[in-house]
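Data block below; observations after.
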Amino acid sequence: MDYQSILDRVHAAVKPIIGTGSVASYIPELAKVAANQFGIAMVDLNGNVYQAGAADTPFSIQSISKLFALTLAFHQEGDSIWSRVGREPSGTPFNSLVQLEQERGKPRNPFINAGALVVTDMLLTHYASEGGAGNALIKFIRKLANNDDISYDRAVAASEQGTSHRNAAMANFMKSFGNLNHNVNDVIETYCRNCAIEMSCVDLARAVTFLANHGAVPWSDEKILDASSAKRINALMLTCGTYDAAGDFAFRVGLPAKSGVGDGIVALIPGECGICVWSPALEESGNSYAGSVALEMLTSISGRSVF
Amino acid sequence: MDYQSILDRVHAAVKPIIGTGSVASYIPELAKVAANQFGIAMVDLNGNVYQAGAADTPFSIQSISKLFALTLAFHQEGDSIWSRVGREPSGTPFNSLVQLEQERGKPRNPFINAGALVVTDMLLTHYASEGGAGNALIKFIRKLANNDDISYDRAVAASEQGTSHRNAAMANFMKSFGNLNHNVNDVIETYCRNCAIEMSCVDLARAVTFLANHGAVPWSDEKILDASSAKRINALMLTCGTYDAAGDFAFRVGLPAKSGVGDGIVALIPGECGICVWSPALEESGNSYAGSVALEMLTSISGRSVF
Amino acid sequence: MDYQSILDRVHAAVKPIIGTGSVASYIPELAKVAANQFGIAMVDLNGNVYQAGAADTPFSIQSISKLFALTLAFHQEGDSIWSRVGREPSGTPFNSLVQLEQERGKPRNPFINAGALVVTDMLLTHYASEGGAGNALIKFIRKLANNDDISYDRAVAASEQGTSHRNAAMANFMKSFGNLNHNVNDVIETYCRNCAIEMSCVDLARAVTFLANHGAVPWSDEKILDASSAKRINALMLTCGTYDAAGDFAFRVGLPAKSGVGDGIVALIPGECGICVWSPALEESGNSYAGSVALEMLTSISGRSVF
Amino acid sequence: MDYQSILDRVHAAVKPIIGTGSVASYIPELAKVAANQFGIAMVDLNGNVYQAGAADTPFSIQSISKLFALTLAFHQEGDSIWSRVGREPSGTPFNSLVQLEQERGKPRNPFINAGALVVTDMLLTHYASEGGAGNALIKFIRKLANNDDISYDRAVAASEQGTSHRNAAMANFMKSFGNLNHNVNDVIETYCRNCAIEMSCVDLARAVTFLANHGAVPWSDEKILDASSAKRINALMLTCGTYDAAGDFAFRVGLPAKSGVGDGIVALIPGECGICVWSPALEESGNSYAGSVALEMLTSISGRSVF
């Protein structure tokens, strides 16, 4: 079955549940988003785009930004990043401090908030001179998504920063263990700005295609990561990309994926395509409900999963 | 490159590190095993066997038995088993009670000891009348491995039972939460017996081939699990199969795998083959050191991984 | 004000709340006890008895037995017991295993269940030859209470043992750390039997009077503990005697005390008297509700507390 | 034996161990203090002062300030403070975040750092208009100690603030749970300033005498707290005043006490006197080593303890 037919079938099937769940409310600006929206897109290794629903509507990528930040840091530093952040599933909620205390300030993986703060700290070291880590990340994402209009929403960034006491707690905590080099406020500000980047499903599906293509952007052949590193990022997405529901997600969907509280989920089929689904109502674990179901259907219908 | 060449290259490459690490010492009988042994085997979907080193030497499969016990319980009960055991990575050591207390007696997944005890309890319910759950599991494994000589080592089982106070603690604990139906001693005895089953690398590689073949035994076409269930077991192996090093294992190796303190690791390449490697010296996480390295090399050399 | 007047005032004041709370239900035999009962007794250093309400009604002393078991073990072993059990408040529920795992099988104090199991194990070592630790403890308590009719209720002991999976979990867990010398079943059996000892408020007030008298039984001058050891037991009662409500209890009542789920609480005023109150309905922390209030009133009315 | 003789004997006895342990090093300014110093003072209810060693040398009171801050907040707000801070021993180190997460931002007691930050936040609410909570506390302490020269050391306050990332973590964390009303930086600054107050043993022994006198300053008869509240503060000191060694401290010393990493310990004998001992080398639990031993000897020699 061709990709467009798959997306159309998935779209038709999830229609009854779009809007089920609750919109993330802890960031005031995001709580305003209408719940009953849905979009899905796939981009194959020739750069062909397939889409259904509101796949061109930009939304706040939130934690999906962690994937791009990690890629950029990994690209810059290579395996030395693992001395400051682990690569194991956390088994606890994404913003928990318990594990961080037991493991003396080294976050379990780069996809929980604590880990993403450390990655942000790394980017601040590398991109201080070029106008800031925030700009560097947006520039990187524009290249991956082949879209120079991508930017971040200042109101969302400010809203997020105003309610980021727990992130500040984690950043201070890691600083007390010596695992943060920059000023806590700078790290938080850059982190919130990255989370507030806005992209559509089509943008995001395009932006992750290099991970399905051994680390190279298909349409430009630019090597972002070597094949082994790309494979490793995929492994991290599968084991840690969907918070403490990663096991369940792997069980049901079986694809490397990264979700965000802005309700998008990116995924990919190695060797085939990048995928993004979006629907702003979350299940308890913090992942988009209709989005998870859509991905589960996509793998069932297509018979594609990594297993 | 053909499978035999891959195995020969892996075997040659790991020779210098065979014996590095420490043999599991908490089960007295297992502490007697010589550390400097190594074997590896692959079985493709036509049933062809490729092997290197001591791939015909039987060893104690230990926690690898959890994979077969889970398959048998899943085969019997289907998705209802997930009401009693989760499918998330635990993030804590395989025999921890902390998480079990927080989650009120429901183990995180079927591959930590607590989860395997619950699965054993399920088997006791299903196979009480046919001479016991232990016999049923051995019969099942003989069929999967196509080898009627497979049995368990009574001395190892007894040795393990004599030192299983922590397993008894977990079993009693779960019983206090109502998540164990049978007598604690019966569950422990069956569990220890299953762990003491002896198989060679060739036996084990053959026994997991159905998981690479959509749930069907290649040479008999017998359907053990439907394709979707087989894929799900593979997902569980990838996220939870190698204790609290599952993230690192996925990162380095990128294949569904299940390890045991008897020093074997089974793995599989979906759609291609079953694999087993064995070397009796463990790294800190409880996985075979030379075995992990061998699998990492195998995926590097072959370019095969699920990512 | 004389003791009798104090007790009468306390009794009159608590009448409206007697029966408020819920009777411990996890031991079936204890769930049968009528909630609307109340008794209180004080015994001064001359052996004079003051009482109000049903102070002669025997009840199941449950965890109060831990105080006598500790005294007997401390009497036998002295300060060496602290190598196997701590003396810090636990900060977690009385039957939690989390802390036990973090502290590698050494219970926080002798008044949580895990600690009492270790103390029971010590008594089994000392009294194996004299017909058992259970008999030794009853004999000891009879002497302290000056009442040879004190015994234990077999039905309660059996009922408790039948539901003691969590205690069995803790005992096995400690055995896995090497902190239990005897067979788990023997320890549990003796422990449950000790908990099932039946005494009245008058018996119990008398039995703790030696702790208010520098370690000597007032009417016989028999030295049970030296003055320093008696003071230390009192300190333990104050910091650890009322489960995870010890801070609140010290704050409100300000006397060394030990409570039991059988709804009794013993307390004492150093240099003055032993006290026992009983009322079978518990507040959330596991202490008798009317009993706690009665003791709080007793210290308010009398102006007596250790602070 | 009179107080002076007791102090002289204690002083002579501890001489060999003065300097044993390690000076707190996490606050750079405090790490400069010479370890081999010792002072001790007692003040009776007539205001008579007894002293030995360097009892007039001012030192950084550090966490002892938490006692005065609590008293001032309790004086202002009464029992409503317990809705924001508990009164149970924490069972974990003084700066742990684990418990704070489990209990959703409500600190266990006012003597761990998190609790003291909440108390500081309360004082900021009450004393914003009078030139700040810091000034109010110093003014309060000057009155209690009858010494208008008491002030704080700006270098120590600054040094502490520069290394207070973990306190900032806790403050942000509590703010994320809504348990902090003021700006995190303001709370931290005031807290660090309070910790940097300098007093001698004589000052401190005098300043706690009201707690031994039913809440009234002996020489002025000014009622700081009512008798019941004073008793309750004493209970808190006994159960929570010496970090996670409170049980051991009650066991060995048996007096209400509050220690600080500046190496001082205040204590009191209810109805008799205030006490302070100081010696700048800590045992592992964070309490002054020679100070703890001195207090243990003081209670042994004098036969005085609350038990």
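First chain written, first letter: the chains are A, B, C and D, and each begins at residue 1.
Following the convention adopted for this analysis, a residue touches a chain if its C-beta (ideal position, glycine included) is under 8 Å from a C-beta of that chain, and two chains touch if they have at least 3 such contacts.
What you see is a predicted model, and the numbers here were worked out from it, not measured in a lab.
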item	value
Each chain counted as touching chain C and chain D at once	none
Residue-number overlap at the chain A/chain B interface, same or different (half cut)	same
Relative to chain C, chain with the most remote C-alpha centre	A
Inter-chain centre distance, chain B versus chain D - centres from mean C-alpha coordinates, in Å	55
Whole-Å gap separating chain A and chain B, where each centre is the average of the chain's CA atoms	32
Where chain B and chain C are represented by their mean Cα positions, the distance between them in whole Å	47
Per-residue multi-chain contacts in chain C, two or more chains	none
Inter-chain touch pairs (all)	A-B, A-D, B-C, C-D
Complex contacts: residues of chain B adjacent to chain C	96-98, 100-102, 165-166, 168-173, 175-176, 184
Chain D contact footprint on chain C (complex, rising order)	86-92, 99, 108-109, 228, 230-232, 234-236, 238-240, 244-248, 250-252, 254, 256, 270, 300, 305-307
